[in-house]
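Each structure below appears as structure tokens.
In the two complexes that follow, subunit A is the common piece, with subunit B as its partner first and subunit C second.
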Partner chain A sequence: MSRKTDNTQTQESPDFDPQRRSFLGAMATAAGLTLAPGVILYSITKSQPTEARELYAAVSSDVRWGMLIDLGRCESGCDDCVSACAKENGLRGHGRPTTDAQWIRKVDIKDPQTGNSKSLPMLCQHCENPPCVDVCPTGASFKRADGIVLVDKHTCIGCRYCMMACPYKARSFVHEVLEDQKSFAPRGKGTVESCTLCVHRIDSDRLPACVEACSDTGGGAMLFGDLNNPDSEISKRVAKYASQQIRADLGLKPGIRYRNL
Partner chain B sequence: MKRIIYSEIDGNSKPFYALAALLGAFVLAALASAFYMEHYGHYVTGMNNQVVWGMPHVFAFFLIIASSGALNVASIGTVFGKKIYKPLGRLSGLLAIALLLGGLTILVLDLGRPDRLIVAMLNYNFKSIFAWNIFLYVGFIAVIALYVWLQMERRMNRFARLAGTLAFFWRLVLTTGTGSILGFLVAREAYDSAIMAPLFIAMSFSFGLAAYLLVLMAICRGTGRELGDTVILRMGRLLGVFVGSVLYLTAIQHLANIYAAQHAGVERFILLDGGIFTSLFWIGQVFIGGLLPLLLVYRTPKQNLQRGVAIASALVIAGGFAQLYVLIVGGQSYPLNLFPGMEVSSSFFDGAVATYAPSLPEVGLGLGGVALAGLIILVGIKVLRFLPTTLANAAIDPHHEVTTGRP
Partner chain C sequence: MTPRRNTFVMIAVVLVCMTSLAIVASAAEKPQSSGSGRVPMPVISPGQGDSCVEDTDFMRRNHMLVLKHQRDQTMHEGIRSKKYSLKECVTCHAVPGPDSRPVTTSSPQHFCRSCHDYAAVSIDCFQCHASRPDPDVLPSGHAPSSTSPDGPVAEGIE
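Showing the complex of A and B:
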């Protein structure tokens, strides 16, 4: 089975685990039932919470999904990745910037001493040692075996402790009633959410929406792939070129790396 | 010393029911606020994605911290064997439970999904200090209940000291746990400090005793029970010591942070140019909540002692709220430092000081928690024997000189 493990489309993944597909299947089932968002969502998990967890757990830890983002190719003012994410996951603002959710955002940085400035996309860094997971009282924040950090919308009680703990401001609290949700990206008022790395796409061999948009219409700055596979393009590039993790001093080992920072 | 006689309060009076009704109204208002927030979502509050914990958390932290401190009075009497504090122990247990329940209620009602409380009870992440705290709180209530019961049941009195000791240590762990909720957040410069746990313990001693003094004086005044200056003098002095410790540890907290070069930014923000937070720190926390009460407890002339200590206690509480507001809201308002040394901007307020204005429902929820604590105390002293019939000097102090003419 051919599996796209990064956007160079050269990879074969011999260890593809069919159970990953069943995770997607479960999500699709959930989708079919999500007629009244929020309400139905809750009842679905009530009936099968453990199943969902097992499916998450079935993901292989041989894989470590990550991203390499080249700031040399990322333009200030371009936000193709941001709009692609919003479209894909059904994020819509309510015109209230302080409470509207942002899963990915463009950050402009400037060195005050030299005037040199850069622009970069900031998203959940899918930390290997995620503090959001450590602090979550119910275990709703969790890390899949393949390194993707997610929130289980059915056990999140909305305490926002994970938002206090995340150093990257990667998480948003759903502050108001949502409509027209995407079936594969369930969201719920009163719970916390963040970038899922488009887990629904990954599980069906597709690239995260932001990465796809960046290579289609943006600067082609984002490379997605398996950091554990030495033959993947991303592994080769991080081996060859210097790259950085943001706030590496915190020791969280983010899965998102940046070049030319 | 005479044998201490405890009794329920009569409570069949107009003022009693008026007070109960008032407190009940506040509790209802809090429930209405919570329902409103839940129905529309938290955007109707002042909280947002930058300041995720706001006014409800200031109230909740205050009550929880004060709760463990309120037990001090019992500990001093039982664990450290100070006779004069003995008669005050039961009320101290009741106050501790009441404050804790008030605080926890606020926390729960502020959740995004309070309806999932049962989920939180069934799923524990044992790595989470938050989850640990839930156990600590529940256990604390159980230990105090046991302690109060052992004191009330004469045959069981001899075990009271054991339970009191247990409660004392439990209390220290609990406050450490509460402090660690903030102290463990390495990414937030304002909290990332080892001093947080001892600071919280000192704060709990101080806020808890202040709350105890106010409640004690209010009850004695309301029920006409005699309250001698001896007790108030002792506890007032003690309050002074605690207030001094909080000031001292606060000074260390900020000095240590200033020397850690990375944290100089957030220190500058709080101490110098943080606007409302800077004012709250210097005027609210340091002056009103620290220096003024110190002056009052040590310098009030004898004839005005009770009034002086009462005012000092109220000021300590006001200062405590200011301190927690600066810590919780101020700490979040200062931007996270993602790119040290860089100027940062984005549509998500990176690099910008966050804005937060407490909304009415948040304040309503907070006040409701306080009212709930009050209501629990009110009902408690009506149905059980928490209070001695008199706390007159001669009744409680074995060394009290027989100068009053009474035996």
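Showing the complex of A and C:
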């Protein structure tokens, strides 16, 4: 029995009965209260990704961090995301381009048949089924509950199987003794590393450095957000526009998606 | 001079030499750091604030356990509480160096290194972790410096 039906009956009733009206009012309030907890629960679930987690609360799989990169806005010569990443995480080259750490790089691609060319940033794709985690013999390569794929350097033995397994060439090996690392991005010789999606920033409700730089000085091509939240901007855009995962045929379900590829 | 007297003189000379050598050696072994006696004691920087996060006795015995527990929580679950964070240890116990920045583990004055040298326990935390606070981060409870070289002070971010 809906409230509307009840109200209609009250209005149509020729003889006014205050007792009946108060009963119906109470029923309506009860219905409202019953509805309210559901609404509140729903709003908590929705707002979790944008609001700070409790200090001692672990990350949860309710959130799936992802990125949508619009290649229509990504200029070929621009590498603001790359330099912002290096600055943020304290990546310094050693003059050895073949082995220097690369957490994100710009790749220019061209269709030989049509001549159509694109430039795209390539970073760890934070796969849902990450092959680097599958092959890791020590469990150092792991996927956090919120979808971020990381290397636990405390257990990494530097075997580099994950580098072989990654189809995106997203991982680097540290060959040199390092000094003066950033306190939030520990890195050291003999371990493998890759894009952390700026996990230290995400944990304090900030955007990854590359996304921030892209919107500040670049073309604003990168959108970061929670793919599990239907109300997030990224979810709305991936629902509205066609986007692609690179090598989707491998079934790794990357969290990084590209538009206009 | 009889051979017997000759032997006595020789022994006396050797004894004098050995005593003087011992005196010189003990002077050379004098500890560079605090404390008297022949054992070099660690230089323990007091840290900021009134007290550590736990009693000194507890920290001496268990700091490695709480650090390891915190490390796994932060790495795998994203829990970035500050109480047992290595970063907070390093920030709070920073020892000022000659260049106005805190010293790194390359200096024997470094808080962690000083004690670990004394105990002859090697640690590899600082092969990856920063052994001094970031230039733009000041220890908790300190007023931000207006002459920070690297821009604004980070707001207590782990």
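Assume the second predicted complex is superposed on the first by the 204 of 261 C-alpha atoms of A that agree within 3 Å, B and C clash if a C-alpha of one lies under 4 Å from a C-alpha of the other, contacts with A are read in each partner's own complex, and residues count from 1 in each chain.
Please note the rule applied: a contact is a pair of C-beta atoms (placed from the backbone, for glycine too) under 8 Å apart; a residue touches a chain by one contact, two chains touch by 3 or more.
Small disclaimer: the values here were computed from a predicted structure and weren't measured.
Enquirer: Is it subunit B or subunit C that touches the larger share of residues in subunit A?
Expert: B
Enquirer: Check whether A:L250 is in contact with subunit B, with subunit C, with both or with neither, and answer first, second, both or neither.
Expert: A:L250 contacts subunit B only, not subunit C.
Enquirer: Looking at the overlay, does A:A101 come into contact with subunit B only (first), subunit C only (second), both, or neither?
Expert: In the superposition, A:A101 contacts subunit B only.
Enquirer: First (subunit B), second (subunit C), both or neither: which does A:S172 touch?
Expert: A:S172: touches subunit B, not subunit C.
Enquirer: For A:Q181 in the superposed arrangement: first (subunit B), second (subunit C), both or neither?
Expert: Only subunit C; A:Q181 stays clear of subunit B.
Enquirer: So, A:T191: does it touch subunit B (first), subunit C (second), both, or neither?
Expert: both
Enquirer: Contact-wise, after the overlay, does A:N228 reach subunit B, subunit C, both or neither (first, second, both, neither)?
Expert: neither
Enquirer: Just checking: does A:M164 make contact with subunit B only, subunit C only, both, or neither of them? Give me first, second, both or neither.
Expert: Only subunit B is touched by A:M164; subunit C is not.
Enquirer: After lining up the shared chain so the two structures overlap, which partner does A:S76 touch, if you call subunit B first and subunit C second: first, second, both or neither?
Expert: Once the two structures are laid over each other on A, A:S76 reaches no partner at all.
Enquirer: On the A-aligned overlay, A:R144 touches which partner chain: subunit B = first, subunit C = second, or both, or neither?
Expert: second
Enquirer: Quick check on my understanding: which residues of subunit A belong to both its subunit B contact set and its subunit C contact set?
Expert: In subunit A, positions 154, 177, 188-189, 191 sit in both the subunit B and subunit C interfaces.
Enquirer: Quick one: in the complex, what on subunit A touches subunit C?
Expert: Residues in contact with subunit C: 53, 55-59, 142, 144-146, 150, 152-154, 177-184, 186-189, 191, 199-200, 203-204.
Enquirer: For the complex, give me every residue of subunit A touching subunit B.
Expert: Answer in residue numbers: 94, 96-102, 105-112, 122, 131, 133-140, 154-161, 163-169, 171-177, 188-192, 246-247, 250.
Enquirer: Could you please specify the touching residues of subunit C with respect to subunit A in the complex?
Expert: Residues 71, 73, 75-81, 87, 90, 104, 127-130, 133-134, 137, 157-158.
Enquirer: Looking at the complex, which residues from subunit B come into contact with subunit A?
Expert: Those in contact with subunit A are residues 38, 40-43, 48-50, 52-53, 107, 111-114, 116-117, 119-120, 123-125, 127-131, 134, 181, 184-188, 332, 336, 338-339, 341-350, 354-355.
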